Every structure is written in C-alpha cells, then in structure tokens.
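One structure is given here, and the rest of the page talks about it.
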Amino acid sequence: MSDAVLETRGLSKAFGALKATDEVSLDLRPGEIHALIGPNGAGKSTLIAQVSGALRPDRGSVRLEGRDVTARSVEARARAGLARTFQISALAMEDSVFENAALGALGASGRPWRFLRPVARDAALRDRAMAALERVGLQDAADTPVSALSHGQRRQLEVAVALTLQPRAFVMDEPMAGLGADGSRRMTGFLDGLRDEAPILLVEHDMDAVFALADRVSVLVSGRVIATGTVAEIRRDPAVQAAYLGDSA
Amino acid sequence: MSLLHVSALTARYGAAPALFDVSLDIGAGEVVALMGRNGMGKTTTVKAICGMLPWEGTIRFDDADLAGWPSHRIARAGIGLVPEGRRPFRDLTVRENLIAAARTGDWTLERVADLFPRLGERSGQRAGSLSGGEQQMLAIGRALMTNPRLLILDEATEGLAPLVRQEIWAAIARLKRDTGLAILVIDKSVRELAQVADRAVILERGKTAWQGGMADLTPDISERLVGV
Amino acid sequence: MSTILLIEQVLNGLQFGVMLFLMAAGLTLIFGVMGLINLAHGSLYMVGAFAAAAVAGVTGSFVLALAAALAAAALAGAVIEIAVIRRLYAAPHLDQVLATFALILIFSEGTRWLFGSFPLYLDIPDALSGPVTLPGGIEYPRYRLALIAIGIAVALGLWWLTARTRLGIRIRAGENDREMIAALGVDISRLYTLVFALGAALAGLAGALVGAIQSVQVGMGEPVLILAFVVIVIGGIGSIKGAFVGALLVGLTDTLGGLFLPALFRLFMAPDAATQTGAALASMAIYILMGLVLVWRPAGLFGTRAA
Amino acid sequence: DGHGGLKVGMITTLSGGGAGLGLDVRDGFLLAVKQAGRDDIEVVVEDDQRKPDIAVQLADKMIQSEKVDVLTGIIWSNLAMAVVPSATAQGKFYLSPNAGPSALAGKGCHPNYFNVAWQNDNLHEAAGGYATSAGYKNSFILAPNYPAGKDALTGYKRMFGGDIAAEIYTDLGQTDYASEIAQIRASGADSVFFFLPGGMGISFLKQYADSGVDIPVVGPAFSFDQGILKAVGEAALGVVNTSQWSKDIDNAANAAFVESFQAEYGRLPSLYASQGFDTANLMISAFDVAHPAEDPDAFREALRKAEFDSVRGDFSFASNQHPIQDIYAREVVQEGDVITNRIVGVALENHGNAYVDDCKM
Amino acid sequence: MIRENVLNAGILLAFAAVPLWALWADEPFTITLATRAAILALAAVGLNIALGIGGLVSLGHAAFFGLGGYAMGILAHHAQTYAPLEIGPLTIAGTKSMPVIWITALVASALVAWVIGKLSLRTTGVYFIMITLAFGQMLYYFAISWSAYGGEDGLSIYVRNGFPGLNTLVPIQFFGLTFAVLLAALVLFAALRSSPFGLALNAARQAPARVAAVGLDPARLKLVAFVISGAVTGLAGALYADLNRFVSPTMFSWQLSGELIVLIVIGGVGRLMGPVVGAALFVALEHWLGGLTEYWLIALGGILLGLVLFARGGVIGLLTGKAGPHV
C-alpha cells in the first residue's frame, strides 16, 4: 500500500463527547476515484478538514506521497500537492472568474511576493489560469465577477481553481451539491476524465454520480469506516443499506 | 380558486433581470413542484413570493394582493419558507430556533419533535454544529412552527444522504396526507417529485415554460426543460 | 496598604465596571443584533445626562430626571435608527462607521448649541448622598452602592431578556440571519428599532447615573465609548455575559492598576519617577489587558464567532 | 496694505469640549476693543478645535495670508508650545491671554512673547502659599499626568512649607476619582491640593463632597470659575481657591468691566474673560504708542511698561515678560441662590515667577 | 458617469493646480492647506493598502503617523539642541535632513507595524479594529507621559528640515515635495493592487480559506500589507510633523486614526484616488465651514451623513457609478 498518494492512519477527532472521526484509515491510490459516503453528520467534512489541514486531529496521521504532513498547515499541504474544493463555494466574490483562477496559478507558482508587475502581464499565470478555465468551460466568462455566476458555474470554478494547482491529489467535498441533473451529468463526465491526472477523494451524496464514478467506496458512519469496497460490494452490503442507502441501493 | 396566484412576475438583481414572466397557481391542499435547470429562477421566484426581493407583476395569496408587503407580513399571512441553503440560526439551540419562529396554531414543539424525532433528541444543541441533514429537518420544523397554510421547500434535500432524503420525502408525504397543507416544492430529483406533487411548473430562463398535471409531464418535456 | 483601602478600591472597581457595563451592554446588543458599529453610542450617553440635568434643574426630582434620561435617549435612539441606521444595514461596515461618526459631530455640537459650552448641574438625590458605614468600618458612598445594585439588576434583567424570552431569542436569531427571521414572520424593522432604543436607553441611563457624580458636559461620551468598546471586545462581541465580565475586568484593572502600579514601581525607582511611570503604565493598563486577551483569545472571552 | 490699522489674529478654542474658555477669552477681548472705540483694530478669530496641528496651521494662515501684526488667544499650553516659538521667530508679537507654560517663561522666553494672564505655576504657588499661611502641615496633592499637571504640583510644593502626604498623577481626562478619594481618606493628610481643569475638577469635587471625607481642599481657580461653579453646585462650598482675578476685586476698572460684560453678553464674566479683556487693553495701550510692524521696538517697550488699567489692580511685567501681580485666596460661598467666590485674603503679594533667572533676554 | 482613469487624472491635475493658482494669487495659506491635504492623503493612501485591498480596518494607524512624526521630532530636536541621542552604548547625532528622517520614519513604523500586525492579525473584524486601537492608545499614553520629549506638550522644531536642492521653507517647494511623495505612493498603490501580491491579498480579504487552499498563507500576506501600509503612513507622519514644525501625542490619537478611515470612506474605499479626494474634500470643508459658523461641525456631520446615505462607494463611487469593494 506504499504506493498510495494520500493516506490517513487512525485519524481521530472529538468534539466534546462526540467522536466526529474515530480511527479513520483510508488511502487514495494513483488514478482512482475513491468515494467517501455516509449519513449526514457521519464526519466526512470533519475528515476532509483534517486531511486538508484546516483541523488538527487529536490522534493519527496524514501522509501525502509517503511524507507525513500531519503537522503541516493548509498552505504547506497545498504546496505539497493537495487540492481541495469546498462544500460551500469559497471564492473571491468581488473578483472576476479569471482572477480567481489566477489566484490558483499564483499559489501553484509559489511566488506571491511580487509587488510591482501587474498580473495581467504575467504570461505564465495567465496561461495557466485560462487553461484551467477552458477545461471546465468557463473561458467565456473569464471577466465576469463571481458574484454574477450561477450556482453551477461557481461549482465549475471551484474545480478550475483546483486544476490550476496541478495537484498530486484532489479532495472534493460534494462537488455536485446544488447542481441540476444535467449539471451533475456534466460534472460526472468531467471528473471521470480527471482521475488520470490525479486521484480524487470524493465526498458526495449524489449516488448516481458515486456509482458511476467510484473505483472504490468507503462508508463512514458515526466517525468510523464500516466498509470499503467496489461499488458493487458496497451496494450489496446490508450494513451500508441500513445505515445509508436505504432503498436507493 | 387558488390559494397562491402568481402572474406576469418579473424581478431583477440590481440591473440584471432574473425573472421575466413567471406565472403559477397553487390551490389549497395542493402540492406543486417548481422545476427547471440551474439558474432558471426558481429560488428567485420563491424570494419574490416571500417578499425578500422587489418584484413587479401580480402575486395574490388568499386573495390578498402582496404588492409592497414586507416579508414578515407575508409570513404572518401564512407562507412558511424552508430556504435554499437551510439557513438555521447558527448560534441558537435547536429549541430556540423553533421558538423564534413559533406562532400559535397546531404546530408546536412537541409535534415537530414527533415529525422529526432527531430534533427532539438534539433540542439543546447549537444549530451551527448540527449535521446537514439535521439542519434541513430543523429548517422544515422551523417553517412549520409558523403554522403556515402554504409551505415552500427550496431544495430541501440538497446535500442529504439517501436515507435522510427518504425520511424527508416521507415527511412531506405525511404532511400532504395528514394536514392538507399546500406545498410548493423545488427539488432536483424528478422521480421523488413525481411521487408527491399533484402538478408541476417548469421555469426556463425566468419564464414559465410549462405547467400542468404531474401525469402530463412527458419524458420529452422533462428532458427538454429539466434535463432528465 | 490597609485591607480597608483595598476593599474600598475593589468596590470602586466594581462600581466603575458596572457603569461601563450599562454602556457596553447597549453597544454589544446593537452590534450583536444589527452588526452595527455604533460610534454614536457615546452621544446617547450624553443625551441621557443632559436630559436628566435639564429635568432635574426644572423639577428638582432625581427620579423624574432618570425617567427623562431613559425616555430622551430611547427616543433619540429610535429616531437615529429610523432616519439613518435603517438605510445602512446593507451597506459596508465602514459606511456605518462614517455615518455614526457624523452623528457624533451633530449630537455633540447640537447639544452645545442647545445648552451652551459650560457643564450642567446634576447632583445626587438627598436620599442617596453621603457615605454609609459598611461592616468592617469601611465608609463608602451610598450612591455608589446604589449604582452597583442598579447595574447588577440591569445585568440580570438583560440576561433574562435575551436568554429566556421569546423577544430575546428573536433578537439573537436576527443576529444570525436577519432576512430569514423576517421571512419567518418577525417584523425585523420594529425589532431593530426596539433593540436600538433599548441600547440607547441603557446608555442614557448610564449617562444620567454617572452625570450625578461627574461632569455633565459636551463630549462626555467619547472616552466612555472607547472604554465600552474595550469592554465588549474583551468579553466577546454580542455576548451580554461577556460584556458584564469584561466590564468588571476593565473596572478592576483600571482602579487597581492606578493604585498598585505606582506603588510597585516605588519598590525599585525614585518616588517621583515611580509615580509618573506607574501612572503612565496605569493609563495603558486596560489596553494592555485588551491586547493580552485578544492575543490569547482572538474572539474575546465569551465570543462565539469572529465578528 | 500700508500700515496704520492694527490686525490681530486670535486663535482660540471655539468648538468641542473646551470651547467655554475660548469663548470667554474672545468675548472679553472683543469687548475691550469695542470699548476702546478703535475702528483701526481688526480682529480675525479662528477656531483651533483644541488641536495643536490645527493651531499651527492657523498661525501660518494668520501670518502668511492675513498678515496680522499680533497673535493671541490660545488657551492650552500644548497648543501655545506648538504656535508661539515659530510665531515669535517670524517676528510677530504673541500676547498670551491664558496659557503660560514654563518653557516659554524660562529658556524659551522671547522679546516678542508676553503673557498677560500668569505663568502657569502662579496659582498653584499661591495655593501653596495659602496652605502654609492657613497652617496646614501635611498635604495630599494630585494632578493629571501631563506637563501642566507636573508643573502644578511643583508649583504648590515650591511655596508649601509642610509635608507631602502623597503625590498622585491621574489620567488626563479621568472622570472617576473614587480611587484617589479613598487614598485621600486613608492618607492622614490635613489638606488636599488638586489641579484638575475642566470637567475633571467638577467630577472630583462632586465625588469628594459625597464621599464624606472632610479634609479641607485648596486649588487653583480653574475649577471654581463661575461657569463651573454652576455645574458643581453646593459640593464646592467652602473650598478655598487662588486667583489673580475675582469679580469682587475692588477697583473702578473691574467694576466697569463686570458690569459692561454682563450688559453686553448677559452672563457674568469669568476669569478667562478678564484675561482676554486685559490682554486687549494692554495691546491697545501699546498700539497708542507705536504700530508693531512699523516700530516693533517701541511697541515692545510700551508693552513692557504695561500702562493700562488692569481689572486685577496693580499689574506689571517681570523681566521675562510674565505678570507680577497679587494672587488672592477666594472662598466659595452662597450668595442668595448663586454660588460664587468671595475674596478672603491675598495669598501671594506682587508675585512674579520662578523662571525669571532662566530667561536670558 | 465618468471613467475612473479619466477622473483620476483630473483629480491629480486639480490637486496640483490649486497651489499653483494660490502662488499666482499670493494666497500662501492655500498652499499650506493643499500641503496638509496632500500629507493626509498620503497617510490615507498608506491605510488604504491595508484597508482597501486587504480589508484590514485598522483603527490604530495613528500609531504609525505618530511614530513618523516623532522620528522627525526626536532627530530634529537633537540636531537643534546639539545633544546627540544616546541609546545605551549607541550615540546617534540628530539630523535636519529630510531623507534621513524619512528613512528612519519608514523603518521605525515598518518595524512597529510588524509587531502590531503579528499580534493583531490573530483576530479579525471588529476585534481587529479594537486591538489596533489598543496599540494606538498604548503609544498615545506612552507619548503623553514621555517627558523627555515634551510629553503632552510635544516638541517644537524651529526651522523646517531640509531637502537637498530645495528650500523647504518656501511653501510651494514644500508642497511640491509632498506632492511628489504622494504621487510615488499612488504609483505604489496602483502597482500593488494589480500585482500578484495584490491579487492574493485581495482574495485573502474575501476568501481566506481559498487562499490557504491554493498554498498561500493569508496571514503572511496581510502582515506584509500591514507593514507596507504602516510604513507609508509613518512617512506621512514625518512630513506632517515637518509641515507643522511640531509633533505632539495628538498625532497618536484615536481620533486621528478615525479621521484617516473617514477620509478613505469619503473618497471611496479601495479606490486609487479615494484618499486624495477624501483628504482634499475634508480639508476644504474644514476650512470653509469653519469660517462660516462656530457650529460648523454640525454642518460637517450633515454633509458626511449625506455622503454615506446617498453616495455609495464614496465620492469616486458616486462619480463613476460603481460601488467598489465591500469592507
């Protein structure tokens, strides 16, 4: 299992008496989409927060490409190649679509301490940002302020910013949330192609998407992983059906 | 005789128009699905009805013209809203969330707790620390505490686990069956909408593109206007 | 230093703190509920004091003076809210800062225009004047004891109002999501006017109570305003409990700092220099306290969110 | 503009909290000019808002644009320190109707700078002198922690023969004195000297009266001026304060001043009004001799002679151009409904100031 | 509605034209007023870097203004008294040279800004406003009781400091100098805003979590902005002290910090020319209204209120019809 790009070992985090994540060990292998599903409040977002560095675990570790990054900050992990998207879009709302993408490119370049030359004249930044926008189909909206984007477009931009980082691994918290049926379909198609670039740890409640995309699925219930397996295995698992899927299995 | 009548509704955000010509009707006790792709104006329509946005055209509720009414007056007239994005009062406890909205009527803390036992269990917890599904239940419970005659659910199942979704749909079905509450429901899942709704209204770029009985919603209309 | 002096100073610190609380409570309520940084809060304090002085001057009754202070400040608050603040809820914070700054100018100079540049007379009622002897032989002004009692009563009342009544719950709900509470049938404009008037009335009450032992003059509100801000920030913005604890902390720090710091420096400095250095440090003490609290807890002692 | 007329620039505080003093100085000054009937004297008045930087810029304006010959009006020492040195360095005359910081009396004295009110220490020294003569042996003294406060305590100690029980610096602008009063109570002093100008003094006196501490209090006149006594009320009764002026000083000039001021403005004149009035009269007496721009030396010489009817009675200048004058002890008394001051004696006779020797002029 | 660039150029031209007119009309005080406006604008441009781009509402920027002022006051005082400044074993001669004073002011305020920023940036929102106020007040009270340099009375410098090649005592020359510094600061502001750093800082104001998620440290971005901002305001303080030939603790007062914010809001937050318009308007109003009535502050209050209520985005927002960033 040492070829895992991203790996958690025994991650535990408690809020008071509540164990939000409890000894969670997962891994993300090259080229795969690993879906993390589970009931509301199971601890998925809490896990993502620990993986991305926004939350310190009480116990356990996170490894990225074999290196222990548990003690590193969000920024350091991002620089080490971890890109995340947010469950609720976190974008600079007053800025244009291009500027948000350029921010990602700037982060990837690792050189924000340039005070005098305008971004617009920095070809490297511009190309990288535009390339990412083109891939999600937002190139025509580059000059639109984010506040004027529709919900679906904002989700696309979230992904585009992650793309500019050219990361080693993606962590996505509900990228389909709020997308309509055709939006979800398009996003599903897009993520499908993305896995060759870098593996994706995907938190999602949209079972159509999960079943279509995931190479493996882990099920988190009350902070614990109760099952990991292929889509077929998970759909058959009675414990998962009882805890999560109900009759949508 | 419809409970809510909307016609020729237009609305804008600043200078950008979002609704051009929306009309819809909801009769007493009726469940109507409001459908359409992303960004077609469903939420905007709801906001207009609830007085959260300036609008032009006609909106009548129970024969009263809602033009110029502030949103609290509309709510008191009997429209309960479960907003997009849940919007619980994060620093209040579950119980306080419900009390904040309460007005006298059939719906009480106990009855909401019967509908959503989970809320009863968590009554002392800060709403901000609830999970998404719990927050969604709270938002519905909170709207019911206003004892509305029309309940509006905007994406009430977004971000919820399948099992919880089923719970919410079951609750909606129960509301329909037991209380005769009129419901306007917006959701992504056409399949589930079809099970509870009597009629559907479909928006396309800020206009009502289709309305009719749920049974009349043929797959090609649905494919063309909703993408499913 | 004798124990008696120490106890007396602690009482003084408490009393000062309790008065600060009256100011801070209104400020924190208004900030918490409306997200409004109300620089004009000090002006309402001044309005209360001037109203009290004017009415006491005519009627000679302190009770009527207090009633007038409450009424005038509440009225001024309601007028400000309806005429100005209401139009600014959607505006950026800084616009509110500028608007309330403009209100300070208008109120201060308007008061000077009405009442002249000289301080006004407002005195302690006879029933509360003079010292009482407390157990242990401590002589302490009766009026200051009354202030402590009033402050604590108001604190309890406010806590009950916000935590236990439906009005309080709705006020706090409004802090979280104004649009949503309106969409649930609460008349948010009226609620806000009410909260603003309530906060203003508290400031006016403080102004009148304090005016009886201090100088009733134009500009009296500004130093207190800064202290009240210090208090609510230490306590955690929006929290009544925080305002109370913060006020007591600031009151005690200020009073005891002024007492002990010079004494402390006298241990290892020439008396002259010690007095001055000590006094200098004492005047910085509450700001140092605030700095320390915020470095340690960036959202104040009882703050739940970063405002 | 071809001289002849005299142009006076008055920079004083007319808005905000400290406006009362500036208004009185202005009114006293303008009254004297009016009474002199001189329409060749023009007074330009500007509001410094009690901000030193504004005062400096106004002085620039007076000098550069208005081309005034004489400057006056500043109330506060820190503003005077900001304005006076550069004004006199530019050859203008400055006549101070109030602020008299020690720096301008000693090393920083200047031939073109005259103080018509006092050297800042004067009233404090007088308080010390009075306390000694009243037989006090042990004083508790307090003042705000700023230069004028330190000067005040120094001035008191200079003339006070007894011991100092404790010396306390309060915050500038402090409004609550409970802590200080408690310390006074515990100190065992037989007298209290305080210098707390403006609202600070009002607060202190009210709180002191209510505390039940009955150690006698002495202070400079600032906290006992007519306008302030109205706000303090009975709490001030019996307190002895020192002043170079009082409305009951018995001379013709003063009686006429008090009456005409009341007639003109409908209120009793204050100490500050008397100083503004004297300043103007001194200036006019010198202008009768020479125009400051045409013959500055003669004008200066005439100022030094101080040949005008001061409302305080005898008035002359020490060599550093600060007053030599009697300073009275006054007691706060009730006359009918009005609480006011009554002279109870002379605290210091023909008193100059301690900085004469530092002034090399 | 006017294009912002055209408007900006017009504002600068007008700003430079007023003192030239005053020179021609022999109104030297108007030049002094314009100089005052230019220096206040410079201080506000400094604050605008932190506030307008970074969203850091500092109510303690008077700290830097005062530090710059005292850098000038102390150095010139020692030069004037021929008594070198002794700090421990170090002996530093005072100076009357503006460039040296400027560098001292820049370095001193940058260092202090770094310390204040480091501690204050742990907080956000109103807490940040108040903690910066607290630091400002600490310095204010310190300056008041620092009797070595005049305490409350401040320090007077008899002759304005010198700048190579200029006679700074001539009002128009001193104006020219301050105007040049202001222009340089405006260029810096414009460059910062469109630079990669500005992009990241601007995003750190709106969505700090996003900035961190792309690998940039929002706290460090803000700290650097705060330091640059403090340094520029410090430089303005040194110039202001030179304008008045005087420093006093009022330069540290919270009212001054508030005034700097007010200037920016009047002109337009985050706008290149916001501080310039705000300062010019404020100084002009102060001067003009003050001449009309004793109660001119009421009128000023009314005008400010009118601006807030009817001109979203300040004067520039009003003229260009765009509201500008939300802070």
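When the chains are written out, they are named A, B, C, D and E in that same order, and each has its own residue count from 1.
Note that a residue touches a chain if its C-beta (ideal position, glycine included) is under 8 Å from a C-beta of that chain, and two chains touch if they have at least 3 such contacts.
Worth saying up front: this structure is predicted, and the values here are computed from it rather than measured.
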Taking a step as a move to a touching chain, how many steps at least join subunit B to subunit C? 1
Going by the average position of its CA atoms, which chain sits the greatest distance from subunit A? D
Of C-D and A-B, the pair with more C-beta contacts is C-D
If you average the Cα atoms of subunit D and of subunit E to get two centres, how far apart are those centres in Å? 36
Taking each chain's centre as the mean position of its Cα atoms, how many Å separate subunit B from subunit D? 74
Rounded Å distance, subunit A centre to subunit C centre (Cα mean): 48
As a quick test, compute the distance in whole Å between the mean CA positions of subunit A and subunit E. 43
Subunit D residues counted as touching two or more neighbouring chains: 15-16, 19, 145, 150, 172
Contacts with 2+ other chains: residues of subunit C: 108-109, 112, 276, 279-280, 283
Between which chains is there touch? A-B, A-E, B-C, C-D, C-E, D-E
Name, in rising order, each residue of subunit A that touches subunit B in their complex. 15, 37-42, 87, 148, 150-153, 174, 177-185, 205, 207, 243-248
For the complex, give me every residue of subunit B touching subunit C. 50-52, 70-76, 80-81, 83, 87-92, 96-97, 99-103, 142-143, 146
Given the complex with subunit B, which residues does subunit C contribute to the contact? 166, 169-170, 172-173, 175-177, 179-189, 304-305
Which residues of subunit E touch subunit C once you look at their complex with the stated criterion? 51, 57, 119-120, 122-127, 129-131, 133-135, 137-138, 141-142, 144-147, 254, 258, 261-262, 264-266, 269, 295, 297-298, 300-305, 307-309, 312, 326-327
Given the complex with subunit D, which residues does subunit C contribute to the contact? 2, 4-5, 8-9, 12, 15-16, 108-109, 112, 116-121, 123-124, 129-131, 139, 141, 143-144, 210, 212-220, 223-224, 255, 258-259, 262, 271-272, 275-276, 279-280, 282-283
